[in-house]
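Below you will find the structure I want to go over with you.
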Amino acid sequence: MDRKTKSGLSRRSMLAGTAAGVLAPVVVAGAGATPAAAAGQARNITLYADTVAGTTRVGYGLEPGKPTIPGPLLECYEGDTLVIELVNRTDQRLSIHPHGVNYETTSDGSPLNNSFNEPYETKTYTWKTRTASQAANGFWMPGSAGYWHYHDHALGGDHGTAGLMKGLYGGLIVRKRGDLLPSKQFTVVFTEMWINHQMAPDTPIFEANLGERVEFICIGHGNLMHTFHLHAHRWADTRTGMLTSATDNASIVDNKTLDPGCSFGFQVIAGSGVGPGAWMYHCHVQQHSDDGMSGLFLVREADGGMPPGAQDAIDHFKGHHHPTAKPEGSTDAAASAHMHH
Amino acid sequence: MDRKTKSGLSRRSMLAGTAAGVLAPVVVAGAGATPAAAAGQARNITLYADTVAGTTRVGYGLEPGKPTIPGPLLECYEGDTLVIELVNRTDQRLSIHPHGVNYETTSDGSPLNNSFNEPYETKTYTWKTRTASQAANGFWMPGSAGYWHYHDHALGGDHGTAGLMKGLYGGLIVRKRGDLLPSKQFTVVFTEMWINHQMAPDTPIFEANLGERVEFICIGHGNLMHTFHLHAHRWADTRTGMLTSATDNASIVDNKTLDPGCSFGFQVIAGSGVGPGAWMYHCHVQQHSDDGMSGLFLVREADGGMPPGAQDAIDHFKGHHHPTAKPEGSTDAAASAHMHH
Amino acid sequence: MDRKTKSGLSRRSMLAGTAAGVLAPVVVAGAGATPAAAAGQARNITLYADTVAGTTRVGYGLEPGKPTIPGPLLECYEGDTLVIELVNRTDQRLSIHPHGVNYETTSDGSPLNNSFNEPYETKTYTWKTRTASQAANGFWMPGSAGYWHYHDHALGGDHGTAGLMKGLYGGLIVRKRGDLLPSKQFTVVFTEMWINHQMAPDTPIFEANLGERVEFICIGHGNLMHTFHLHAHRWADTRTGMLTSATDNASIVDNKTLDPGCSFGFQVIAGSGVGPGAWMYHCHVQQHSDDGMSGLFLVREADGGMPPGAQDAIDHFKGHHHPTAKPEGSTDAAASAHMHH
């Protein structure tokens, strides 16, 4: 998977996945270790909406027949334009609706504006981005930079509820020039009682080596209130998750509300000040974590080795049994027990 | 309605309304296109609490017998004092309790402090505001500026729950000198499964022309968690919704948690970078938007004309049927199905 | 209680409590009116986990047999290390897990990492703190300063749910040098339908004199969404709850979402601009405040006298009857009615 996509974009890194069909590659559009010189130009990306084999789930993917849940992590710099060609390979109406970027009504992704793909239809959605612009009296209208996301807004209804439940969502990052780039990226989506459409012990084990700069993109969907908590690491409640000076008065958090449609992101230095090990991330709503909204951030030794105790922790985690709600589309009949509250 | 109130305050703009009784005028107290020179003086406002004709709803209004839900949008600058004469024209105990401003216990609006209007009683509530004040070591105690709100705190109980359910709430803005003034203002209140006590397709269609500076005041009430999402526009998670420099590191959002008692506001340039059209605003809790917590932000052409496709979108929206929960006080018997979760 | 603890730490102030067993002393570790010169050194604190006599509740305390709910408020400066010796005096597995600070997997407090106290076992947990550190391009990785908390992560399960329901939680403050110090501190924990494991009228009455600098530490736990509202006072949505200049564009709030695992804090000048009196603090979710999530912030006259009307307000408050859900461990059989939603 370490190759170029047909659109000429390089994949910088791969998200950890625990099962076929939930692997989410990163698409760098105008960003990356070697940022494109030609920022502000249109970048073409083709996404395929496909049913996940053997299930009723549907995901976005970079290749036909290879949907991932969450979908590919898309990235660009302020000023770039993303031209998304969405190939609908399913027999259902669906769309792609982004947060944070500019689009005309024809790229809204909503049935309201007649913007969606009919079954087996291919359609193009154009997303533009821009920098902050000066208003008056010292105020600036914000640019597009942020940790955003995209999702279906048309499957089974006007708001994409059925599409979200099936897995049609992914992360979207718009950076400012000068933003720090991570070496690993993890997209974490809380939907109903699932993390990336999985429950513990099948939730992702995100891996990094001690000292690596790691980026989390956290997205909320569905109907429930959640809070994202990461053990032994913390971030600033700002656009970048970092401060801009030693005296920056922004709040520092390690637990943040992640309600439906919200998203945030941050970078941490894996294991900094705490050492390597298997660190929990989980929803801090107690019933949710107890029922399976929990996963691992495995910080390996700097050389990639397994730190003391980490394998035991993984075994402990994998030994968990969460007999309750299974996600939509699982083969288990008790699929949607927790879908509504 | 383009006239002076008895208190000498001009109404700068009118909130879009879809039905008689839900129109909410703006009261500018010391603010407006021609800010009063005499900031810091007391401004007198008379509000009338009235039953909305033919319903069990109750709203605040600027004229007797003309309640609106939400109530009038009140505004002032830091330093101003608002003297609110509340005329209770109902047969129930009620009050007015503000967020964000200063008041003595006698203006608390709470039964705890014996501060409320008996049936048919008139009572005066005094709200003061102030600028930030220097503390020590570079820290400042905050002033009153913000996007706030007011609501009943006495009808049917000690916390005003019944008053909120009936419609006794409104927006309150305290500005700093130099804050940018909008040409349109929209108050959006999420209470239970309603927006401004309506469900789609009866929720407000807010209108502006391309390029107008528009201000949203978002308020949460009731018992449910909500998130406010606006399509194709975004704002900074700051006091003003704007940044203070091109490198300001504040988060940019287009979807924000709007839990009970919380409020925030922001300004956008209507259609900037995305063009005119019918843009959705909705709660991003899927069940909520599916059940009717959705409305339209109609951005017309710069000359006020209807943009291509917008009428189709409005027709699509109006064709929605949400047969489930109706708000408190509607003539439908299924009134309060979603009031508690 | 105005004496030194065995670890040599002075108690700066006492939290108001309304019943034996819910008194929460403040432990100042390297902070306080006379900040320790030797910041950066390890501070030793012994905590005892004990059953609250006559109940099934369990709390952390500074002395054996004297648990408090919430537990002692722990404080330090960035750079300090807290060495927590936890003495488990119960017959159940339990632990202590902090937010915001650094710890190795052996001090994680989680069963995942085999970090907990067996019944009647004593174990040491080490928490380190640090200042912000410069990254690149003007960005700084955050330090440890913040309003944090600690809680059990092992009683009855992998996430400490049963421990939290029994009362195993407390506040933790990490300050920066130069942060303003308060003269009173109040820890407010919202868990299920309780405030500090009490329902009105047994919730805390926090007391201060007019003009005193008062600090609130607000913590959310359990399974429900909450919002914390304080009457007649407000704060900035920043690390300190204050601004850093007169033009600081941070949001000012008096009502803030307090979801499980989240925490924030702020300082106010008691009664400033509003006068003394009995001011309500409560969850602004209407059903929650109606059912007992409400308490009083009693601002006395500057000389400590009872202000006019305040005793009436207290009597009014104490006369409330909330016949519904009682907290876990109360003698009432209807103990856990509202524990899950």
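When the chains are written out, they are named A, B and C in that same order, and each has its own residue count from 1.
To be clear about the criterion, a contact is a pair of C-beta atoms (placed from the backbone, for glycine too) under 8 Å apart; a residue touches a chain by one contact, two chains touch by 3 or more.
Quick caveat, the model's predicted, so the values are computed rather than measured.
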>> Are the interface residues of subunit A and subunit B largely the same numbers on each copy, more than half shared, or largely different?
In response: different
> Fitting the CA atoms of subunit A to subunit C, what rotation angle results, rounded to the nearest 5 degrees?
Replying inline: 120
>> Nearest whole angstrom, what separates the Cα centre of subunit A from the Cα centre of subunit B?
In response: 33
> By residue number and range, which residues of subunit C touch two or more other chains?
Replying inline: 138, 225, 240, 242-244, 247-248, 250, 257, 341
> Can you list the subunit C residues touching subunit A in their complex?
Replying inline: 99-100, 102-106, 108, 110-114, 128, 130-132, 134-146, 157-161, 164, 221-223, 225, 237-240, 242-244, 247-248, 250, 257, 259-264, 340-341
> Hey, which residues of subunit A end up touching subunit C in the complex?
Replying inline: 138, 178-180, 225, 227, 229, 231-232, 234-236, 240, 242-257, 268-269, 272-275, 277-280, 282, 284-290, 294, 307, 309-310, 312-313, 316-317, 320, 341
